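Just below sit the structures, each encoded as structure tokens.
In the two complexes below, subunit A is the common chain; its partner is subunit B in one and subunit C in the other.
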Partner chain A sequence: MLIEILQQTINGLAIGGVYVLIALGLTTVFGILGIAHFAHGSVSMFGGYLTFFLVTSQGLPLIAAIPIALVVGFLLGLLIEIVAYRPVRNANHINAFIVALGLTMMVEGINLQLFGHEQVVIPTGLSKVFRLGGITVPELRIYVIIAAIVLVAAMMLFVEKTKTGQAIRAVAENRDAAILMGVNVKSIPLIVFGISTSLGVAAGIMVGALFAIAPGIGEGFVVKGFAVLILGGLGSFPGAILGGTVLGITESIAAGFISSAYKDVIAFVVMILVLLIRPQGLLGRSP
Partner chain B sequence: MLALRDLRVSYGAIEVVHGISLDVAAGECVALIGANGAGKSSTLKAICGLVPVGSGSVQFEGRDITNASGHAIVRAGITMCPEGRQVFPQMSVIQNLRMGAYTRTDKDQDADLVRMMDMFPILRERQNQAAGKLSGGEQEMLAIARALMARPRICLFDEPSLGLAPKIVASVFETLAQIKAMGMTILLVEQNSMMALNLADRAYLFEAGKIVMQGPAKELKSHPDVMRAYLGH
Partner chain C sequence: MFNRVKTGALAALAMALATTSAFAAEKKLTIGVADALTGGGAVYGLPQANAVRMAADEINAAGGIKVGSDTYKIDVIAYDDKANPTEATNAVRKLIDRDGVKYILGFCCSGSTSAVASFIGNEKAVMLVGNAAERSITTKKIPNLVRTRPPADFTGQAAGTFIARKGQKRIAVIGALDVGFYAQYVDSVERELKKVGSEIIAREVFTLRDRDMTPQLTKIRALNPDAILVVGYVESAAFVYRQAVELGMNIPRYGFTSGSEEQFLRVTTSAQMEGVWDLRPTELDLLSASKNGIAYHANYTKRYNATPSPSSPYAYDQLYVLKAAIEVAGTVDDTVAVARAIRALAIPPQVVMQYLPVDGKMFDVNGQAYTTNGAFQWQKGKWVFVEDLPSDAKAYSQFLSTLN
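Up next is the complex of A and B:
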């Protein structure tokens, strides 16, 4: 029993890491622009597909394909901000909402056109399995967990310790005051989209390596990403980290003890229960 | 140093500043006084690029900065301490102060941080607290210190006493006097006309979007119309 719980917790940490990376991107975009960036999941999966393509068709080693995909993700983020969201920045919020939905369909369509409808798994060559007591941990899962921790820590350091990161926070908290500090509020959304999309691509690569990427998977992940935001508390970084980890572990334990068919149901039941007790989310500020 | 010529500001179709001209010389403390809604704050916001200038011009140190973007105006050397304090509520006091120095790249930023906390000991006590948790008076001190962190060549203060208890208002004005004594050029908007005229070298009286009187603060203070309408004598 205890071993099973530990086993599922470790499994849950890997998928939780993916949720955290997606949620961090969503929460940063939401904080700065008030946009629910629904296309984030599909764009993230594009990064996973791209890595698959670079490794299988172009014969690149994974270690080279990943940085390329992250850079492409960054550039794609810039493009999305300039082409899709910038034109509607000063318009009614419903416009940005519709742009987000349209963009999701577009990116899903592009993924389908470029990479087909077959599900793909990124070959990693990491097949070792560690056994500790009764717990089995595939080496790939350990790398995914470590990579997620490193990326989240890097993002936290960037936001808390650099001037640009602090400017991102400042714009989210008080846009006019940020202008008075000399922040160029036109360039901040660009940086935010670039970094968020890069983090999303990292998550997409993890999904492609751990499970598989197929049409529609990205949309599932973006819904989970928003669930994490609400669970952790909108606009809270620690909330997104805690929320993603909790969701991943809950799902995993539910899958292990009940049935993997019910894992999404259980995850959302937990979310509803948390919101009944703490409507502002786990680490959200009270209204 | 700062010269406005025939400045007009509108919100949509409604014009609130109807062509005003004013000057601030280096080292001077100039107050804009007048009733609520007379266009004083809108004038400051237009200088800072927060609201667009309809027509007329803003010149700073000989450069035309009319309708320049807000961040470019800060880099030119103009910093505003905004109405209602506008601190970053979730960020710590230290992080707020560091944001004030956002445009700076020099190495004296840490030294300035220490200087600000010497000037406002309460900010040192609360340095790691979220700024939103401070009292109104403490937030005003933080907003003033944050503005000074930019090392501006001119500092604009928009209603620094608004919504504060009388005792705190007095200490805010003591602080402003201290900043003035440091040689800072100040443009102050204030509804507390008596306090503003006591502090300022010169003043402009706003009424319904126009300047109706100007002169040395002492003269305005003893002018019968000003006394009756704004000083409560």
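Up next is the complex of A and C:
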């Protein structure tokens, strides 16, 4: 029984890492700019598709394709901010909401046109399996978990320790005060979208390597990302990390010990229960 | 005077030529295909649509369909039903109402096919179902519907006998069990297992969109089964096979998927697939294929630069069935006569699948065709046909006739 619990926890950690990265991107955009960026899932999958294309069609090694995809993701984030969201920044919130929905359909369509309708799996060549006691962990999942930890740590360091990170936090806390303190608030949304999209691309690569990318997959992940956002607490980075991990492990344990048919339902029931006790989310601040 | 005669003669010649060409004009018969060309079902639907186009070109190149003194060249319109019941209904309505199509082929997936089957009986059209395996499609006695693929439980019975013979006592099932025909397959397997004292100890479910099956497999692993049985679409099943190895499950793996090598290798490695059994209708496989099957494989591969999926000939065969029936009925307009002719057909010589005739005919009274079933095993990167599975088409046909 203990081995099964540990195995399910490890199973859930990898997918939890993906949720964390998706949610971090979403929480950055939502917490700082107040935009529910629904296209985040589709943009993430674009990153996965791009990596697949670079590896399989251009013959690049995966280790070279990943940084290229992350940089393209960053630039794509800038483009999305300038073209899609900047024009509606000062308009009613519903405008940004509609733009987000339209952008989702557009990116899904672009993915379909550029990469086709078939599911793709990013080849990694990592097929070793490590065994410890009765627990088995595939090499690929270990790398995914490590990569997620490194990216989360880098993001936290950036936000906490750099001047740009401090400026982002200042805008998130109080935009008017940040302007008075001399923060260049025009560049903040650009940086936020760039970083958020890069994190999403990293998540897309992980999904493509662990599982598969196919049309429509991104939508499912963005729903989970928003669930994590609410579970962890809106706009809270530590909340997104905790929420993503909890959701991944809960899904795995629910499928293993209750029923695989209801794993999504059970995960959302847990989320609702948490919110009943802590309406602000696990690590969110009380209003 | 001479000029007037010459002009008159030329005019007469032109008129004669025009009249002759009007009589000899080729007629066009538009065939519709409704199938999953995108989405999860496209692994089955797209190769089916390709197969119909290929058969149409072959028939056209060989002179077309002969109806009395007329010759019809086939034109194919294919719509994407995304394996979705609503999309399939819309696609078929469009084919019938807008395009004026009377013969509709394809239909890879059961949910979408059942939706169309529910109203096709009221239409002046003939529906030829391919890969969709849900049993109820041919239990409703719809006179203008036939199916080339046998129902899933016909194959499940044969698969159950095979697994029981292997001596494994405790089998864990993982699959898309919320899809009717997969559940029917497993029920049939279970009935056969019970006869020898074996049992199914777990029924774990995944949805068609799931790709992480490690929680279900971890649960199964804790039960210590003697073997696992995987039933589902290729894309999901491939992940089950891969993740079972990653979880160290070194037990026999049986499946019901009908995927090609290429489709599996997009997800797994050949080493992860080694030894897996696929217990399914004896579809296209080069080791078991007839001369037609070998030619089909070569032509398809050349034309589409991809190997055909094992189930794709169900749709290819549909068009040859239709051609034969139209020629026997002597009409393309009277769909009732063509539907009747289809049911009375012997197996046409051009078909690829190995059909089991019932009372000398390709389709039984339910409009159902039966193929042999086979045990295929993954050996060194390929599906290898190992043996035929016992399949009694006549007995099953009688059973099918008793259902509503």
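Criterion: the second predicted complex is superposed on the first by the 285 of 287 C-alpha atoms of A that agree within 3 Å, B and C clash if a C-alpha of one lies under 4 Å from a C-alpha of the other, contacts with A are read in each partner's own complex, and residues count from 1 in each chain.
We adopt the following convention: a contact is a pair of C-beta atoms (placed from the backbone, for glycine too) under 8 Å apart; a residue touches a chain by one contact, two chains touch by 3 or more.
Given the structure is predicted, the values throughout are model-derived calculations rather than measurements.
When the two structures are aligned on the shared chain, A:T28 is found in touch with neither subunit B nor subunit C.
When the shared chain is aligned, no partner comes close enough to touch A:N111: not subunit B, not subunit C. In the superposition on chain A, no contact is made by A:T197 with either subunit B or subunit C. Within the superposed three-chain model, A:A212 lies in touch with subunit C and out of touch with subunit B [touch as defined at top].
Touch criterion not met for A:T250: it reaches neither subunit B nor subunit C. Between subunit B and subunit C, C touches the greater number of residues of subunit A. Touch criterion not met for A:T51: it reaches neither subunit B nor subunit C. Of the two partner chains placed by the overlay, only subunit B lies in contact with A:G182; subunit C stays clear of it.
In the superposed model, A:Q119 lies in contact with subunit C only, and not with subunit B.
By the touch criterion stated above, A:Q166 is placed in contact with subunit B alone, subunit C being left untouched. Taken together, the subunit C residues at the contact with subunit A in this complex read 37-40, 42-43, 178, 204-206, 209, 211-212, 214-216, 218-219, 221-222, 235, 239, 245-248, 266-267, 269, 271-272. Chain contact summary for the complex, subunit A toward subunit B: residues 163, 166-167, 169-170, 173-174, 176-186, 285.
The touching residues of subunit B, counted against subunit A in their complex, run 48-50, 69-71, 74-75, 79-80, 82, 86-91, 95, 98-100, 102-103, 146, 150.
Interface residues of subunit A facing subunit C in the complex, by the touch rule stated above, are 1, 3-4, 7-8, 11-12, 15, 112, 117-121, 127, 129, 131, 136, 138, 210-212, 214-217, 220, 251-257, 259-261, 263.
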